[in-house]
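There are structures below to look over.
Below, chain A partners chain B and then partners chain C, in two separate complexes.
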Partner chain A sequence: MRPMGRRPDVSIDLRGNPCPLNWVKAKLRLEEMRPGMLLEVIVDDGRPAENVPRSAELEGHKVLQATALGDRVSLLIERA
Partner chain B sequence: MGQVYFDHAATTPPRPEVVEAMLPYLEDRWGNPSSLHATGVRALEGVERAREHVAALLGAQPEEIVFTSGGTEADNHALIGASLALEQKGRHIITSTVEHHAVLDSAKFLERRGQAVTYLPVDREGLVDPDAVRQAITDSTVLVSVMHANNEVGTLQPVGEIGSICREHGILFHSDAVQTVGHVPIDVGATQVDLLSLSGHKLYGPKGVGALYVRRGVRIASLLRGGGQELGRRASTENVPGIVGLGEAARLALGDMEWEIEHATELRDALINGVVERISDAAVTGHRTQRLPNSASFCIGGVEGESVLLSLDAAGFAVSSGSACTSGTLEPSHVLLAMGIPPWRARGSLRVTLGRGNTRREVDGFLQALPPIIARLRSMSPMGASQVRTGGLK
Partner chain C sequence: MTAFSEDQTERYSRHIILPEVGGEGQRRLLAARVLIVGAGGLGSPVGLYLAAAGVGMIGVVDSDVVELSNLQRQVLHGTADVGRPKCLSAKEAMEGVNPDVHVFVHNLRLTSENALDLVRLYDVVVDGSDNFPTRYLVNDACVLAGRPLSHAGVLRFEGQVTTIVPGRGPCYRCLYPDAPPPGAVPSCQEAGILGATAGVVGSIQAVEVLKLILGIDGCLVGRLLVCDTRAMTFQQVPVARQPDCVVCGDEARITELIAYEEFCQMTPRRMASQEVAP
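After this line comes the complex of A and B, so read on.
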């Protein structure tokens, strides 16, 4: 389920990227997007799934949803 | 009045935007990109943004870019790293006689360690024959390395055809593209290249930084060990300001390339035609059309290239008599000799490589300055006018 049925504007798969490289790559995509746009980030479950949303929120973005998909997690981040 | 700089194959001036992009990483963004804290992450952002820009210039994925200390390290890494990684599969590599010494000396190093190396000849214009690559391949060949453009004579090699032959045979293909990245379009997918070297300071970026493109799935041995940087492919704390500068240079090059090619080609052709018209026994070296847009090179009869260089320097023009990496040696250029140019003739070599800041007026000034210099040197030279050919190679 997407929040309010919104589909992500951009989607990136960052599985295999260690912390904090995964967050940096997500941040570079967010910088290219306009405020309010949605970025879907797929990360490995575990530490990346904890660190990436935390870093995103620290920089003022909204993490709208985190969905566990087996060994990976899909994060939906709204660009601040 | 400053010197007119016509030696862009040796190095290029860093663009102001490049310097501006680098400065924050020498000031407040000085962190170690491997650190997990915010100070480190700020440096890592610069590195990863640069990786994206370099990848975009090559049509590659960011993960396929390994930053190095320059083109030489990238070439060493490609040849030695691939040979070490594949020595169980085979111990034969193929390269050409006109490569930069960063490739040739790596090949010689491997030869001393028991690898077999085939050095392919070139024709009079400096071209490698793709069929010769095909014929040189044996069951134990693991790598072919042929440069994209020659640094001395500017000839562009048929890398697309060579890449396709290598792919057909399941052999890695490396190309030293130090002279071409940022100057002519490169698409690593279309070229079917597996490894490609580039250098920051050849595309208006800083010195001390370069990159090796390593196609996804290709595994080569690391030359530098002692850290997990570059996803374990090259240990050592990253040269963050340099990498950021290279990234910015790559971003700018992508935007300006079309204009730069047009500009350089116009100046190059005016320069080549002007020299050949004004100087008797001045022969263009390298391929007449299949060459770098900014590169003009000649062999001039009856003079020493180094004397011409020094006289032009005094007249306000910075040129080269060949590769900057081999200048100071008394030996004639290995590239010119490989092209079948006799040693006495190769000694009169002159390389003029243009850049984005050069103008038609500067080219015209050069064309006025050169003839009296050549006439004076010929009158003084022990080689003398007797070695000046009439109706030489044009």
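After this line comes the complex of A and C, so read on.
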């Protein structure tokens, strides 16, 4: 379930991108978005699923949800 | 807004991760124009780091050819470049680091006739020259053109570096109103220079230039950083803008470039009785 039923404004699939390239690509997308918009990022489970949310929070974005989907994880990030 | 290619995203990833840079800052770097005066001991690290950082347009002013005695510190040039114009080997080295960078070759001596036109083509200027006439010339041209300038000098194990932003802080003349008497300050040729010391100081200049482009506070404006890499100490000396400075003061007398070789031949006492005329 998405929080309050909010749908992401943008969704990107970054599976196969090693750290920190996955976060770099997510960050570039976030820069193009307006504050408050939602970005869904699909990353590989494991290190990417740990690192990307941490990097997002370090820059002040909110990670609203992390959903495990087998070998991938969907992260819902609200742009600061 | 142009998107980064896959290669650019990877090349600049460590910049983009920085909150102070990001994609927006990296685009600013790619659009920036920097003029480096002197492709020597200071200009080498500056040029290599600015090229690596993706500063899109870099001008190099130098009229010398590479000599074997340069290679101990001038890391832009290699053994095979001995006898070639420094500008050319600088261009090849910098563009070899990063194909996003275009290096403009100015194989000439900076003079009162060409300095203003040249400086106006760029956003930021780096003084990596090795003589006082050129230092005063670059300073005055930057003040008159309103261009920020990174100034540095090195000798033996020592160096000093400051950042001049016209209108926001002191200029090189506020710090040194008069040139030292000819021969009073030895050159690197006479006194020697530890190659890596030039690398330290030039790298500081590169950081300052990147901060100027990115709009990051904390530049050496109104401060002279003095380093002694033998004792490995760094000290900073506050420098105030001088209201009576002849080029950036309230009633500046220098409103166009002057004869700098002659200016640097003058002692302070003679200066007082002689008008500084263009």
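Rule of thumb we're sticking to: the second predicted complex is superposed on the first by the 80 of 80 C-alpha atoms of A that agree within 3 Å, B and C clash if a C-alpha of one lies under 4 Å from a C-alpha of the other, contacts with A are read in each partner's own complex, and residues count from 1 in each chain.
Note that in this section a contact is a pair of C-beta atoms (placed from the backbone, for glycine too) under 8 Å apart; a residue touches a chain by one contact, two chains touch by 3 or more.
This one's a predicted model, so the numbers in the text were calculated from it and none came from an experiment.
Novice: Here chain A is shared; do chain B and chain C fit on it together or clash?
Specialist: clash
Novice: Scan A:Ala68 for contacts with chain B and chain C and give back first, second, both or neither.
Specialist: In the superposition, A:Ala68 touches no partner, neither chain B nor chain C.
Novice: Classify the contacts of A:Ala80 with the two partner chains as first (chain B alone), second (chain C alone), both, or neither.
Specialist: Touch partners of A:Ala80: none, neither chain B nor chain C.
Novice: State whether A:Cys19 touches chain B only (first), chain C only (second), both chains, or neither.
Specialist: first
Novice: Check the residue A:Lys27 against both partner chains and state whether it touches chain B (first), chain C (second), both, or neither.
Specialist: Both chain B and chain C are touched by A:Lys27.
Novice: Can A:Glu59 be said to touch chain B (first), chain C (second), both, or neither?
Specialist: second
Novice: Of the residues on chain A, which ones does chain B touch that chain C also touches?
Specialist: Touching chain B and chain C on chain A: residues 20-21, 23-25, 27-28, 55.
Novice: Help me check something: in the complex, which residues belonging to chain A touch chain C?
Specialist: 20-21, 23-25, 27-28, 31-32, 55, 58-59
Novice: Would you pull the chain B residues touching chain A in the complex into a rising list?
Specialist: Against chain A, chain B makes touches at 36, 40-41, 44-45, 48-49, 52, 62.
Novice: Which positions of chain A touch chain B when the two form their complex?
Specialist: 19-21, 23-25, 27-28, 55
Novice: Once bound in the complex, which stretches of chain C touch chain A?
Specialist: 1, 4, 9-10, 13, 16-17, 19, 22-24
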